[in-house]
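Okay, so chain A shows up in both of these, paired with chain B first and chain C after.
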Partner chain A sequence: MPSRTHTSPLPVVLCLLAMQLFCGALANAGALEVTLVDKAGKPVADAVVEIVSPVVPLPANVPLTASMDQIDKEFVNPLLLVVVGTRVSFPNKDNIHHHVYSFSEAKTFELPLWTGNNTKSVLLDKPGVVVVGCNVHDWMQGHIYVAATQRMAKSDARGKLLIPNLPAGGYAFRIWHARLKASDISKLHNVVIEDRGNTAYPATLELGRDRRIRRAPSGLARDY
Partner chain B sequence: MRKQALLIVFFLAPALQAAPGAWEAGLAATVAYDDNLPRAVDAANDFGDLATDLEAQLERVTALQPGRWLRVGGSLQGKAHRDTRGLDHLGIGAQIGLTQKFGLGALAPRVSLQLESNRLQFRNVLRDGWLHRARLGIDRRTSLPWQFGGHVAREWRRGDGRRADVVNPAFGTAVFDQNNVELGAYAQYEFSGGARLRTSCRYRDGQTDSSARPGGVLRNVAQAITRDSAIGQGYVVYRVAVRTLGCAADVDLPLTDDTSMGLGVERLESNARAGVRYERNLLRLQITHRF
Partner chain C sequence: MRRGAWQFASFRGRLLVFVLVPMLAVLAGVFFSVERSTSANTRTVINDSLLVGRDTLQRLLAERRDTLLASSALLTADFAFRTAYATENYATRLDTAQNYLRRVGIADAMIIVSPDGIVEVDTLHPGRQGVSFAWPELLDAADQSESYTASSVVLIDDDAYQLSVTPFLAPDLKAWIVVGRRLDDAFVRELKRLVRAEVSVVRRTAGKATVLASSLDATHRAALARSAANADASRPAAGTRGAAGTGLLELEGAAYVTLQEPLLQLEGSGEVSTVLQRSLDQALAPYRPLNQRLLLLFMLGVLVAGVIALWLAQNLSQPVAALAKRVERIARGDYAQVMSSTRRDELGQLAGSVNDMARGLADRERVRDLLGKVVSKEIASELLSGKVELGGEERQVTVLFSDIRNFTTLCEQLPATQIVGLLNRYLSRMSEVIESQGGVVDKYIGDAVMALFGAPVARADAATAAVRAAIAMQEALDELHALHDAEQLPRLATGIGVHTGTVVAGNLGSTHRMNYTVIGDAVNLASRLQGLTREHDSAIIVSAATAAAAPGFAYRPLGEVRVKGKSELIVIYGL
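After this line comes the complex of A and B, so read on.
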């Protein structure tokens, strides 16, 4: 039987299949919207939510390089989210010497960073949190959250974060914040994601005191 | 010594400019009250005065290797008194220092050695001279809030001897040639908002200048005597060997990332031979800014 079109049927079928899959996925995908406040009801920024179950393999196109810049004696993006296997570089954009280090279990390293020498990077090959400091400027502090999966996000100034494209179903996630107790970090939160729209999950975090070394200089008191 | 110090700075500056390092500048303004400015041993001679002190510092900080820094710099200082104008002075100094941090991180102990040479010019030239100092210090943060430290310092002061008048032929007039050794220690607590509370003590063994009207007990312990036109009419200044114990409490608040304000009190008790002693209480308010 002669075909009514000159187009080969295979691409059309593939195209239709892809659309079906795409629309199907959208139709059955929701999002997790977490809102975090502290005990005083204030929004908690820079908290991380990572879905730990079910585990999905990392997609092939996930970026595996990232950087944590230093400008004006501070880490510019002091909370960086990466996946396992990412190489992180520490470009020193100051005209002075920094000496970046970490004692963390997830990665121990030390990088003396002379200005202009920004090529060295660190491979983060274990999930966990890498606390980064500078040996020259004790007040400088950064955190790199190394996730096992790509399903993670950090909260903004309103204490909100969104993890999109989650097929409907039950999930377990963890919440991390630099000032959260270890027992609260290891706690699993369970949620059932609906097949469309955002599933809201409000949580109150009990944060410890903001303990960091101050940057302001001490006096130069002298008495001749 | 002063020429050598200036030459070192002169030749080191271009070399340091080429090495990886940074310029650091600081400014400190202090208002201080000293309740016994003449270091008098009796109530008849002591008086208090308020002074304003401004000090600017510029340093080239060079990382010789990770954890080891060389600091070379200069400072300019001016101090003005409310009443005792003769003690107003300008100071210009050169410093060289080496800091070594043993290990990584904020809790790693650091040891620093500093040598400095200062030229002091007073409104009344009697006290003009040089002040050289060598200081070895150690600082150790044991946790984020707690920090402890100590120092040992040696000071050499050499007066020019200008306008030094003989008061008693049995004594020389080099009152402002003084040597001192100082030992000190401090404990500091930093609150989560950045406020620092520091208590410190220092012990000084050496010589000082003490002023009084003639006829007091100071003559019995004096090493040198001259007329003191800077402190006041009829005053005489004695060089006395003393042991001083000073204890201080300071609160220091961050105002911005690079500015802080400190308020401190210090009580100093000095003992000379033969039961001669005096006390001083200092109150100071200081603003420090780093550029």
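After this line comes the complex of A and C, so read on.
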């Protein structure tokens, strides 16, 4: 926060203006700051927290398109957070064919071998996690988190995530991670958000193994 | 003779024993050490081959595991399979699994297990689903392993299966694909072809053993099951434990070197293991002709040695026995010369020595005979004993003198030759009587005989013997009378004087010619007493000294006489 005792008039004015704008739009709002570590105390990145209660309708201005690129036989953004109703496209930036598919409950689809920009996009119309793979390249794995609301965020490399603009009050949220057990994923976390400032919520996650086929250097030998 | 025969046999036997026993011991030692070392060597070779077999078994299992894993990895990467699985339709999933088995042709079973360990499809038990997978530790092992795979041998419905687990990632974990291959007769046959040993898969639980698969025939399978059931609970079918984990196991009377490799530890004390076996008898078979040849050679050697020993014994004992007989004959006084042996060895020398000895003995005997004729036997033996030296000693002896009366007149009446014959017969007869009474004829003096009693061999009853000899001489003379009467010869009359006293006895004469005799007063007195017989009309006159020394005879006192050359009077007795 900028200091009120700042002597320079322009920054102070700008700052006050900004505060005015912010507080005026979301009066008495706080934020949820979740810090995730694993059993070993290491920060857990790419975990998703979604507030499931109370539910607020999606605002009209939410963007409903997204893309998951493939470059050098990898998904560029392997964890994509979207809201229900988003159309996701899978542009292929490689000069070889890919075969993107998913057998997930939230969405089962298949985009058989193609190159370049695929005009066909996939409409994700159910909340849940869509695990995306490539039938040609077994190590390619992507997750599309389809949230019911916009109140969600994914943790950064420090294991931290912030969900802003939460009016003070009680909330329930879920934590998702690709290596988290199903029972842990379905677990509800309750928190009371203060009317100002960030409400910290530290959590320790018990992660399972990273079950994925490792990319073989030569692409020939099996990895054992 | 019998004793000699026994000795002969004993010598031959002893030689046989001395030659054959050490030889047999050495040969037996050689034979058994050869046998032992070939046996031990064969054991080592079999052991090594079984250890190679064990490695081959591990290798084969690893290869089969890799094949199973590779094929199931390909399967799970197949989009058709992924799609079919995604239908979540049981019949479709089962059909897909069965199709897979048909296509790869190397697997006997497929079980699809959900990530939380619930069986979704089981080709061995179609219709069975929703139950917990029986080997969750296998899934855990796969989950924990670097390669996401695991493999193990398990028992399914009394069959041993090699199971391999791969994850079904699409792209996240959808299921575990468990593919199994039965360790059946085809498997053990393949292993047998590779390792050239009998292979069996045996399951053993407390006191009970089952052969799940085997390259053995039915009878040997049953025998293996029985012996495995009886074997030590912790190590079934191992038999006696040998080096490097192998043991000897007897099946249907044949020994097998056995190596057991555990495949699976069952709950409790049971286990499933692979048993590798090689027949010891079969492996030893190439050595059998060698052993037989060796045995034959040894027997031949023993035979030859025995024959040689017998020949040696014969060769030695025959001349020894002949010599023994010869010596025996010599002992009996038969000195007849025998052709000396042609041998040049020690036995030949011995035979020569025996010949020399016989010759020497014969010579001595001749000397003794001659001597005996010249002097008395006792003096002769005293002389022959080698203690011939001049000198004498004082001895108490009884001297007997006998003389023919009127011999000079007789000589005038008869021709000289007749006199010699008559005299010789008379002297011979008298000498016999004297010697039979233990007396010694000291010398003949013309027709007179001088005899000694108590010399050279001292005797306590010398006087008695002398008196007895005197009486016997008279009786012998009576016998001679009859002969003389028949030959119309005049009868002989004799006088005998006997006296007992001290004399000097010994070898008297010169160093070249000596005589054993006695000298002294006693000799003279006996001669004088003989001279007195005619005037006292008594055939025998003894002195008082003799009568005192030889009591018990009917002595007639003849009074006292003064003898020529003697001062005192002598009391004499007639007989």
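Structural remarks
Methods note: the second predicted complex is superposed on the first by the 187 of 224 C-alpha atoms of A that agree within 3 Å, B and C clash if a C-alpha of one lies under 4 Å from a C-alpha of the other, contacts with A are read in each partner's own complex, and residues count from 1 in each chain.
By our rule, a contact is a pair of C-beta atoms (placed from the backbone, for glycine too) under 8 Å apart; a residue touches a chain by one contact, two chains touch by 3 or more.
On a predicted model such as this, the values are computed, not experimentally measured, just so you know.
Look at A:A178: by the touch rule set out above, it reaches chain C but stays clear of chain B. Counted by residues of chain A touched, the larger count belongs to B, out of chain B and chain C. When the shared chain is aligned, chain B comes close enough to touch A:I96, but chain C does not. In the superposition on chain A, A:V132 makes contact with chain C only, while chain B stays out of contact range. In the superposed pair of complexes, A:I213 makes contact with chain B and with chain C alike.
Shared contact residues on chain A (touching chain B in one structure, chain C in the other): 99, 101, 103, 110, 133, 135, 138, 209, 211-213, 222-224. Looking at the complex, you find that chain C touches chain A at residues 70, 73, 77, 79, 82-83, 85-86, 143-149, 167, 169-174.
Residue ranges on chain A touching chain B, taken from their complex, read 95-97, 99, 101, 103, 110, 112, 114-115, 133, 135-136, 138, 209-224. Residue ranges on chain B touching chain A, taken from their complex, read 20-22, 26, 28, 30, 55, 57, 63, 66-67, 77, 79, 91, 101, 104-106, 108, 120, 131, 141, 144-145, 190, 192, 194, 196, 250, 252, 254-260, 262, 264, 282, 284, 286, 288-290. Taken together, the chain A residues at the contact with chain C in this complex read 99, 101, 103, 108, 110, 131-135, 138, 140-141, 178, 209, 211-213, 222-224.
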